[in-house]
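Worksheet: one structure, shown below.
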Amino acid sequence: MMRSAIMLAGLLAAQACAAQELAPEKIGKTVLGDFERVYVADVVLPHMVDGRVYVLDVDLNLKGMMESGFAGMMLAAPQRGQVYVPTSFYERLTRGARTDVVQVFDAHTLTVTDEIPIAAARAQALTYRNLFQASSDGTTLFIQDATPATSIDVLDVASRRRFEVQNPGCYGIYPSLTNPLRFSTLCGGGTVGSYTINEAHDGAARKTSAKLFDATNDPWFTHAEHDVDSYLFVSYKGTIARVSLEDETAKLLDSADVAAGAPGWAPGGFQPFAYDPKSGVAYVLMHGDAAEGSHKNPSAEIWSYDVKGKKLLARSPAAGLTSITISPSDPSALFAINPVESKIQRFAVDPQTRRVAKTKEIKLGESAALIEVSK
Amino acid sequence: MMRSAIMLAGLLAAQACAAQELAPEKIGKTVLGDFERVYVADVVLPHMVDGRVYVLDVDLNLKGMMESGFAGMMLAAPQRGQVYVPTSFYERLTRGARTDVVQVFDAHTLTVTDEIPIAAARAQALTYRNLFQASSDGTTLFIQDATPATSIDVLDVASRRRFEVQNPGCYGIYPSLTNPLRFSTLCGGGTVGSYTINEAHDGAARKTSAKLFDATNDPWFTHAEHDVDSYLFVSYKGTIARVSLEDETAKLLDSADVAAGAPGWAPGGFQPFAYDPKSGVAYVLMHGDAAEGSHKNPSAEIWSYDVKGKKLLARSPAAGLTSITISPSDPSALFAINPVESKIQRFAVDPQTRRVAKTKEIKLGESAALIEVSK
Amino acid sequence: MDDVIGKLLGAFDRAAERAARKSAQMIGRRSALSMLGSTLVGGALVPLLPFDRSLRANAAEGGRADATEEECDYWRYCALDGFLCSCCGGSVTACPPGAEPSKVTWVGTCHNAKDGKDYIVSYNDCCGKTTCGRCQCNTNLRERPGYRMGVHNDINWCMANTPSMYHCTVSVIVGVSGKG
Amino acid sequence: MDDVIGKLLGAFDRAAERAARKSAQMIGRRSALSMLGSTLVGGALVPLLPFDRSLRANAAEGGRADATEEECDYWRYCALDGFLCSCCGGSVTACPPGAEPSKVTWVGTCHNAKDGKDYIVSYNDCCGKTTCGRCQCNTNLRERPGYRMGVHNDINWCMANTPSMYHCTVSVIVGVSGKG
């Protein structure tokens, strides 16, 4: 096409005045380099068959997108230069046979280079981080199923072998930070179930923790953050719990109350907090007039909370956010989803005061719920 | 599910105070009756895989929807209680093998009851009425193809046999109003090509009219309206041409100039006029400051024009419309798409003055382009 | 009341565990589901309501008394995440044309200001049509994460239907709450 | 100029007619297209420009001189119906990651206020990704209905690509117009 277009342009140019005119151009294609990416998963509720994962740079320039189909999930695998996007396809868009696969996107071309078939039982859910995770060494993928009975599919990426473990009454996947054969799940009784994959890699034994939280009165959000050696969970009322998932049985290490001394305030959203392991500061999306049923309310403020020191460092106005994350390479950069204004926003953290201020935004997304920063 | 839910409700009710409480309910399904329908085809440009045809009653209550996939078309077949919706499906939503079919929807259940395979060559275009039509007796469907070379697929609904006729340099399908074996097409040279299907029903000879319009300086919109025995076309500058497509060769019968004496005004939109055969009045979407390139501009006014008497009867303010149609059963009811406000609107025609006034509207549609009223 | 729920919740988990043992040879979720059918689909999911009612806030409680059935504030919609079928060609309790009620559901407990009672509402998704897209609501009274699946609303409850495409959500009264 | 276009337009139609005769046995459009390849895909579509330039209105002509490449008023976008690739991870002339330029295109003739010249712009759709959805433009200078296909923009110009999914549109200068 372009060759002949240029020939043609030559023909036309011959008839035209020659000076200073713009030269004929070639159509380019775009391949992404190795910059740090902000991934925004948008399930597009009004058109759920057409979900997508947006790819931005840290300056919030949109660099491309990946198709995530109907209620797809996403997980970046930067060490492989890939992004995993499990989803469901139907023979006739909304009807006919259902096929579930993990689409393997090349992180530079944003094309699907591979597809791994999975059971048509994966949770067709809003994009929560902990419904689709990888083992600490990246060799194994964990997929939350719900039919609505819950189970977890354990998929070896290289061999594509998979097996299923039941997690009845439990939900969410929290891989051990050090042991690639171990992952945990949150259970409705307030316990944590921890699975250890057997040597044959075809099953996993489960051990249940003591009761660590009150799922009735103050449930934990399923979103969790990593510290260096432990996970942090936050509860509807604002308790931050530090939990070790490294042993056969999960253990509560510590807890702190973000909202202590601030009645009526509580965390909210789909990804209600981010955590900076270096400074030990959590950034929590907080709303006032908190009440039963307000746990997905958008933020009024971002609270900077010293988890180890158990101290509220700063409260910064930041309206309309339901998901927040932090750059692993630059802990002064927060990224958030503002579904009220259909925007993705960047915030800068003042390293002294830990106050947070909006520095950039882009109009993007319709039902975005998950935001991740990754090389 | 409902049975056991009701059992359960019984159980619970036994524990509750008895008086005046709402009774347990059954989940219902909805089947549509035989009312006159307003069909609105929306290609949903921001999510083109998820096009839909909305079904409303004439009071603009939304009654349901039909999936029209990627750049689908629609044609009601009320005598069969069906709606034809040709579209394209891909194995993996946006990639993989393409399959084109005519989906046959039951007009009462809005489910797909049949699928007729067609060539993967149909024009994946904005929903223009004349890209997908039926013969006067309803037995044959005509599908405009574009690869971009243009052809028309002729499909016998009962036998599903089809053949293809080329219409190079031409576009659009205008079935004869009386002869089910004849259909015409508009050509870039300003002529009309008319096809007559042979007795074997496997080919069609084409005859080309005299030059009827100036495709360079004042092209006809491809949207056309029926009179009793002829078609009406309108040009970019506002000429309404009456054309007979009943014979082997198309003939211009008459023409009139809607915009005569109103410099700067011209028709615009995707479905820029409607016509009432009983009164001979056309309702034309008109915009001011008309210029080259403004032919899809939304309306500022609706002009009521007596086509036979060649007289402008009324100018009524009606902003933002790009498609308009009329009820076949009630020529005082106009229906229009307002993409500026994402609304579907109903207008009443005053039978004396032919002035038009908005009477109802519903927020609906993202990229709706075609609106049809049908039993 | 809590006892009833506890038992049913327990039954749900025990059924799933039984299924798990039986499906040790990896027979696939569909089979597991059909085995669960009689307990799970047959009702065990409906009455999960393990929450302290004292937590209720008036603000979130009863919606607006004058809200229409096409508004998120309508009293029955107190824990509804999705599109109202009443805006999509159906009604509060009926799926729009072409859509099938979901076989499994989540529930809410909503306060009806008119009679002062609390009702258990089954939120059935309507399935098999493309997402309606109109009247999107997201209310979460007593909604809980997926480890309390029967009161979780951030998942496609058409999951057990074929096809499992989500269209919109109805709100069906299945009973009055014990404390109503 | 009009002569050149007339010849090319004629060549397009003749090629299509030749293909039609050859495809009398219903060999399918894909084959017909590949037969057409050398003339049709090879360039005949580009220079369809059969319009009286005197019709031009200043208002619709040149966009806004200060418009950015992410605005519909940018001068090259004078007949662009679709999403700007410059808002989707590509640029004015480059497809975003994963998208392939369309094999066939429509053209516009747009006035560049900076040098006072009119350029022939090829509007290539970028194909194979889901619709971008950002920066939707609909400008129609010298746009014509599908019977002048090479200057028609209400159709998916990914139609000859596999897959034919539409993502966004680039605007590529292919030459300066004869009257520029």
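A, B, C and D label the chains in the order they appear, each numbered from 1.
Here is the rule we go by: contacts are C-beta pairs under 8 Å (C-beta built on N, C-alpha and C of every residue); 3 or more make two chains touch, one makes a residue touch a chain.
Predicted model, so just to flag it, every value in this text is computed and none were measured.
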item: B-C compared against A-C, more contacting pairs; value: A-C
item: Centroid-based (C-alpha) most distant chain relative to chain B; value: A
item: Cα-centroid distance, chain C relative to chain D, in whole angstrom; value: 50
item: Where chain A and chain D are represented by their mean Cα positions, the distance between them in whole Å; value: 39
item: Chain centre separation in whole Å, for chain C relative to chain A (CA means); value: 25
item: Residues of chain B whose C-beta touches two or more other chains; value: 46-47, 49-50, 67, 93-95
item: Chain C, residues touching no fewer than two other chains; value: 104, 129-131
item: Parts of chain D lying in touch with chain B, wherever the complex brings them together; value: 9, 12-13, 15-17, 19-20, 23, 26, 28-30, 32-33, 36, 40, 45, 50-52, 55-60, 78-79, 82-83, 104, 128-131, 133, 136, 138-150, 152, 154-160, 162-166
item: Contacting residues of chain D [partner chain A, same complex]; value: 1, 4, 41-43, 46-47, 87-91, 93-105, 112, 115, 117, 119-120, 122, 124, 129-132, 134, 170, 172-178, 180
item: Parts of chain B lying in touch with chain C, wherever the complex brings them together; value: 1-2, 4-13, 15-17, 20-32, 50, 52, 55, 62-67, 108-111, 364
item: Residues on chain A engaged by chain B in the complex (per definition of touch); value: 44, 46-47, 49-50, 67, 69, 89, 91-95, 112
item: In the complex with chain D, residue positions of chain B that touch it; value: 45-49, 70-71, 88, 90, 93-96, 98, 119-121, 123-126, 128, 144-151, 163-166, 168-172, 185-188, 215-217, 219-222, 270, 289, 291-296
